[in-house]
Every structure is written in structure tokens, then in C-alpha cells.
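Listed next: structures, encoded as C-alpha cells.
The following pair of complexes shares a single chain, chain A, combined with chain B in the former and chain C in the latter.
Take a look at the complex of A and B:
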């Protein structure tokens, strides 16, 4: 549904994007991750047909942004990080206005339908300037969905929302995936990305560092394990050190201490760890693989890129 | 016809709900009418006639000057507030956005100009005698004044668009646009005065053609400056 092919974008002498390529398939949520200034917003704007690429192309629902950016814009719903709205307009007029811009057949009816879906029916006649941040974000999403686009580009949609509102929004985005929409989610909220993204694209300084399924990205690097035990933590660490395993303290629970270690050969190392601890008289409670968060994996990818 | 939607939105929601803008326009409408009411005797002869023409010129130009702030808010504030991006994301051409905003600004400003001129005409007729005013302010001259005001507002709009595409804040835009527009107002008034002195003939046509050419050039430059890539790069 979205194919980004070797896109480069320059602003004068500054290269915002440097030959990036990735795709988003129908019914898929892809998280576009990267630090500030990595080129995420520029990439979103190019895909949305707002900005032209300097070289390369992006194809949205079979239409090239180079050949027909207006048709691409008609196929995209775009939500910016700050919900910038026309504050003097009431909600229903605002949505109907954008409905007409997008050639929606019955803009007023569609506006009412979206207001109901997003729980904004009671405020349809109120001016947008009086809306809270969360409500404004909902309005921005309703505006992006006014023409029922096959592609959604969401730039930090849940930023500055309270947890309850953010969860409601996430559930709504996931419901759109079920309707075969392609969603590109640009975010700094790695927890949010981990929860809802099927795949991840990591960009840094205008280049794609890594793409892959969220689970694959999380598995990047050496696998880590956590052993929990009762008894003296210093003796346990000394025993592991003598066995050639470099361990660091981890968070224990239920009165147990814990150590974390990384290994490329868990079959042999883990057996050696158990043997060393038991020989030292440490009461091992559990030894388990540690599930890495997307945040840890992302930070490691960035560390490698900066090194 | 997407530009008409944008223009209508501007007029309905931004102009008529901006109390500061309405108040400013109202003041600029009242001031020239006050001049007409306060000028008890413009005097007889060519000097007095010219004074009546000058009052008419003030009546049509004062509301046009008030349009500067309106133009600045139309273009720069939208960029500053971030509301331009959703508009650029819609399936519309850049020229629809530019035209819609320009028309949305032109219509209320020109309505204020025409209203003030009509009110000044009626008041002048009451003060100085309807026969004299009808003789001096001929339909051709009234028409010329309205066209002159229209050309000025288009120039002001074009200049503000050029400035708006380059600056980041409405304060900077208003300062720059105010300076440039004051110069263009002086130029227009000078040309208008020259036109009145010339009275008729090819020289007057040349002045008119010069004004239109100046406007066309300003609009073309503004249109080229207002490219989405350029505007977004400086947003």
C-alpha cells in the first residue's frame, strides 16, 4: 500500500532524507522510529504528497507522489503531532469543511458519523478553541478519516494525552488495522510502538538503520537471561565470575535477589551458571530468558549507529 | 472550485469572528467619514473640487489599509499555528489555497471600501450639495477609485504572501509587510494623484496599465514564493 523507493530530500544543502526505502502493507501498522531530526516528519510529508522528494519516489495505493501528488493526498489521512485546528469553527463545520475539500459525498453526515465514533457527538456544535488537548487530537484524527482513506499517517498521535485517552486512541488505531488500512505511525513513544506496531523502521540522520517485525527488532543483539536466587548476592556474583560469566544486578522479587547476564551460547552457559551457583550453595529459584523491550533494542541500534 | 470553499471559510469564520479585526476595520471606516463630516467648507473652484476628490480617495483607501493586518493574519497566522499543514495535506492545488485566501481577504476588505465610499458620497452630497458632488465624483471617477483600491489590496496581499512565505512569526511579517505596504500605498496614492491631474488621454491609460502590470508581477512573485516545499521548509 505504501512503497518508499530510494527517497532523498534536500533542503538547500541539508540532506533530511538520504536514499530511504521501506514499505507498509495493507492491514499493517508500521512504526517509524528515530531521534529528533532523523527525518521522520519529512518522510511522512513526502508519503502524504505534501512535499516532493528530491530523488526517488513513494507509491501510495498504486499512485506515485511524483506523478500525481494530488491523487496521493486524496488517498492519505494525515495527523500531525500538534492538533492544529481552526479554533473559531465548531466541530461539525470544521469536519464538513474538510469533507468538502476531500470531495466526500455527504460531508455533514460523515462528520456526524465520525463525531459519534470518537465520542464527540455532544460537542459537535462547540467551537474547537474550547476543546481540551485530548479532544483536539480526536478531532485531528476525525479530520484525517473524513474521506475514509486507505492509508493513515499518524505523527505522534498520542503525545500529551492522558493514559486513558491514549489507550482509547490506540484501540481505535488497532480497529483501523482490522479494516485493512495501512498505518504509518511516527512516534517517540516506544511503549506505544511495541504495543501496536507490526513492524518497525528505525531512521537516523535521514537513513534507514533497521527494518523488521517488532519482535525481530526486540530480539536484536545478544540474548539476556536473569537468574533469581536466595542467599548472598556477592557470593553468587563471585561464583558466576569464576565460571567466566559477567553478570550484573537485576531487579529481584519476592525476597529473591537477581543477576542478569548475556550469552551467545545459552545451552552451555546456562548449564554452567546453574552448576556454579549450586556448587557455591546459592539457592536458585528461576533462570529465564529476559524479554527485551523495544526501547532497549532501539537504544542499542542507535548506540551502534553512533559508534 | 476548492478555492471558493477556502475563501468562504475565511470570510465566514476568520473575518467575521475576529473581533479585533472587525474593530480595526470599523475604525478605518469611521475615520474618513468623520473627515467628510468635519470638513464644513471645502471651498469653491478647482481647489475645493480636488479636496472633495481627496476625501473620496481617503474614504476608499482607509479601509484598504486596514486590510493589511487582515492579510497578515490570513497567511502568516495559519503558518504559525500549524493549520496550514492539514490544508496542504488535502487534495487541492497550491494555487487554490493562494487564490482562496486572497479572495477571502479581498471580498470583506473591498466590501468595507465600497461601503465607506458610498457613505462618504452620501454624506458629501448632504454637506456640500448633491449637484456639486455628482458633478465632481462622476461614475467613472468612483469606478476608478474602487479599481485603484482593489489593485492596492491585491498588491498588499501579494507582498504579505511573499513575506509570509519567508518569515516564521506574524510579528516579523506584520513589521516587514507594514513597511513595504506603506511604501506601496504612497506609490499608489502618488499615481492616483497623477492620474487625476492628467485627467484623460493615453497618459492616464499608461498609468492604469502600469498599475495592473505592477500588480500582475507582485501576484506572480507571490505565487512562486508560496510553494509548499518552500513554505514548509521555513515553517
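Take a look at the complex of A and C:
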């Protein structure tokens, strides 16, 4: 369990985090989203016990980072986009070394167990310098799990990985959720967040803009609809404009053109759209609600914040 | 207890790196050996000059050479720390529950071990040239070099954490080391120096270490100079270690 309670962090006069609060429950993956400089990494480092909050507190598995950061570090696994391994060390020695740092009872056995879980048993005796980018990231994840922590902090764990390796890693992260880990995923990859995150926290300029279930966040803002049709797209757009509907081109399919529009009153607007198009002699094929991606919702949240 | 255990683990890790590249230990002792072979003979002709300390050229020069090794051998350790900071390796260690002072002390102990090995090599090589020393004197001498090395390494780590750039670190650390060396009487005894130079040298802790080292090699193990030099270097080493540990904590906070 991660509980972030009113955390503010200043670096000199710069406020990196401004009274942020959120939590991550056991068996939950929460995506921490935000543009560069929003404060995501600062928040992760505070939770990991390597950066002190200026005010407020973060509680990890019942332990306060203010009161006992060392005990907090013992409860967290931390993975970033940079594996930062000892290239000259064989995998099994490397993992066992970190096992000893975390005071794991049988570091060699635990290293072997993790190597097997991540499909690295065959290369356990090889030096890490010879590993591919994806394998190195797997090692970083194994290192973070060597002490079987209840909390995992993942900062862009799949960036720079090829799609197949990224999918493998995602599947592994999801399997950890099933084992009741609290997982905080910091990422710019909104597709990845949409696929695996149960909840989302959007931060901007050090403040939390929005928190909620991923499905709730995706439903944020005005619903959008797409109408597909045959015939002249210019005439169709003109007809909608005359009916007071502001539409923009969308991707059509099967030889049809498409327009997208947003409305707070779909019952009346959609009927008006159909009437306008039929009156203009446009052959309507479909009119359907558009499923919004997390990316669309996120960008809209940011647009509102900047406005 | 935890700090000791953590220090041992970190020391073991960096000692492992050393074992992977033992050649650097030998390369590190090359420069002092060159001084021994190409510079020390020049002192033979002035060893009889009034004001030259007793004991002969090698018993005067080699102790200073060992102190110089402690200073310059440890001054460059910040380069590896800067490289590890940049590569994210230090960050990976920081997220573990390992004691912060152990992260520093484990490295510094490795540096001390390297210096001790190099000093022992230098001592053995100096004996055929005419160095005379007792086993006890040599042992205390090695301890003194270790203290000089620990103090220098910790200061070097603190500077590296402050600058975080090899381009800035190299000129600063080596420019600062040179006056310390010249004002310690390593190359030529300060007994030959004018009064004003000796007055300045009085504030240089290394000059006390050099005086202590020369007394050790001349069989005066119980002399006040030995006690004073060892005490000053011990206090300096502890102070530097605290400074480095605080710098490490600040750099990561």
C-alpha cells in the first residue's frame, strides 16, 4: 500500500510537487501520468525513500518515509528506463549481490528463482555486458524484486524496448498485480497505461489534476460521435455547420468519408445531424459513439489545465 | 553492526572490480617508482649538506614518496564516482536499504587497500637502493599512508559529488594537491627551506605526516613527531569521512 499525503517538495525556489495526495492499494496498478517536469519522478523518488518531502508524508506498507526511510527502501522495488548494471558481473552474481544488500535469506536461491521467472536461466552465468537491451531491463526488474517487495515503482520500464519485449514485460507486471503488489507505473506511454493500469493519476506542474479509474478518466469530457457517409465531404460538413454542429474530419473506412463531432446533448444533436445530412442528399452509413482512448482524455485534461 | 556488514558488502563489490583489473594497481605505482629510480639519486649529493635531515637520502626521500603516493593515489578516485553517478549505478545502490556511510566507506576502504598494496611494493623496491627500516616502523608507516589515503579519497569523493563533471574535477583536485605536496617537504626536506616557506608549511597537515614518516624510518617510533603526525591524519581522515558521507546524503536528498 502506498499513501501519499499532502506532499510538497521544493528545490530552492522551485516547487516540484505542490500538496499532492493519492494512494495505490495492494493488487492495484496505478499509472502516474503527466508531461515532462510535472513532478512524476520526484514523487517516485520520495515514495522510494531516496528523497525527503519538504512537507507532507508518504507511507509505504505502513512505514513513513519521514520516520524511517531505510525501512521504506527495504519495502520498495524501483525500476527505471536505465538498467544501470555492472557489465562485468555474471547475472547470478549480480542478483545475489543485491540480494545480500537487501538482507535476503538465501540470495543465490532467490536469484535463480527470479532468473527462471524471467526466462534468464540459460544466461545466468553470462556477464551482463553481453545482454541485449530487453534482457538488461529484465535484469533490472529481477533486481527490483530480489527482496520480494510489497511495493513496486516502475519509471518508464518499457521505454526503448521492442514491442514484443514490451508486451512480455507488461504481462509480467500484470502477473505481479495478481500477487497483491502495489504498483506505481510512471510513464509517457499512454497505450501501455490504458492496457494495464487500474487507476490513473494525472499530474501537471506539481499538482494532481485528476485521479480515477482508467475507464472513468477515458470517459472524461464531452462524448464524441463519428458519422460515416458516402458523397461529398465538403457538402456534408457544410450541412452540419448550418445545423450548428462543429465537425472535424475523421478516418473513414470502406470508401466512406467520416466526420467527428462532440456534444453534451447527443439525443437532440445526433437527430439534427442525421436530418441535416439527409436533407443535403448525403448518404449516411453509420452514426456511432466514439470510444475515447486514455491519450485523448489525458490530452483534454491537460488542455483544460493550460486554458 | 548493519553499517559494518553493509561496508563489507560494498567493499567486496569494489574489491571484485579491482581483482578484475589488477594491472591498474601496478600502473599506479609506476610514477613513484620512477621518482625512486630517477630522482632519489640526485639527493645523495646533498644528503651531507647542513640542514638535511639525518638518515641518508633514501630514508629521507622514500617516506615522503609514500605520503605522496597516498595523496595522489587517492586524489583521482572521484573519476569513477562521477562515471557511476552518470550511469545510474549509484542510484541503484541508493534505493537499497544499505547504510549511506557504508556506500562511501566501502569504496574508500578499497582505495586504502590499493594504496597499501602499492606502498608495500614501493617499500620492497626501495630496500635495494639503500632504504633502512624496521618491520614495526614500516607497519606504522603503512597505517599512516592509509590514513592519508582515506582522508584524500573522502575529500575527492566530496568534490566529485559537488562538481559531477570530470572536466571540472580534474583541474580542481590536482591543482589543489600540488601546493599540498610542495609544502609538505616530500621532494626536498623543509629543513632546507627559508623561514617564510616553513611558516606556510606549518598549516599543511601533510608536512606533519611526512615528518612522522621520516622519524618512523629512522627508528624513532616513540617520537612526538610520530604521535603528532598520526593524530593529525587520523582526525583529518575522520573529518573527511564525515564530510564525504554528508555530501553523499545531500547529493541524493
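As a working rule, the second predicted complex is superposed on the first by the 307 of 307 C-alpha atoms of A that agree within 3 Å, B and C clash if a C-alpha of one lies under 4 Å from a C-alpha of the other, contacts with A are read in each partner's own complex, and residues count from 1 in each chain.
Everything that follows uses one rule, which is that a contact is a pair of C-beta atoms (placed from the backbone, for glycine too) under 8 Å apart; a residue touches a chain by one contact, two chains touch by 3 or more.
Since the structure is predicted, the reported quantities are computational estimates derived from the model, not experimental observations.
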Clash or fit (per the criteria above) of chain B with chain C on chain A: clash
First (chain B), second (chain C), both or neither touched by A:97: both
Partner chain(s) touched by A:11 [first = chain B, second = chain C, both, neither]: first
Partner chain in contact with A:192 - chain B first, chain C second, else both or neither: neither
Which superposed partner A:28 touches (first chain B, second chain C, both, neither): neither
First (chain B), second (chain C), both or neither touched by A:52: both
Touching partner for A:156 - first (chain B), second (chain C), both, neither: neither
First (chain B), second (chain C), both or neither touched by A:74: both
Residues of chain A touched, compared between chain B and chain C (which is higher): B
Residues of chain A at both interfaces, chain B in one complex, chain C in the other: 48-52, 70-71, 73-74, 76, 78, 80, 82, 84, 86, 88-89, 97-98, 100-103, 143
Chain B to chain A touching residues, read off their complex: 2, 5, 9, 13-14, 17-18, 81-83, 85-93, 228-229, 232-233
Parts of chain A lying in touch with chain B, wherever the complex brings them together: 11-12, 45, 48-52, 70-71, 73-74, 76, 78, 80, 82, 84-86, 88-89, 93, 97-98, 100-103, 140, 143
Residues of chain A that touch chain C when the two form their complex: 48-52, 70-71, 73-74, 76, 78, 80, 82, 84, 86, 88-89, 97-98, 100-103, 143
Chain A contact footprint on chain C (complex, rising order): 6, 9, 13, 16-17, 20, 87-89, 91-99, 252-253
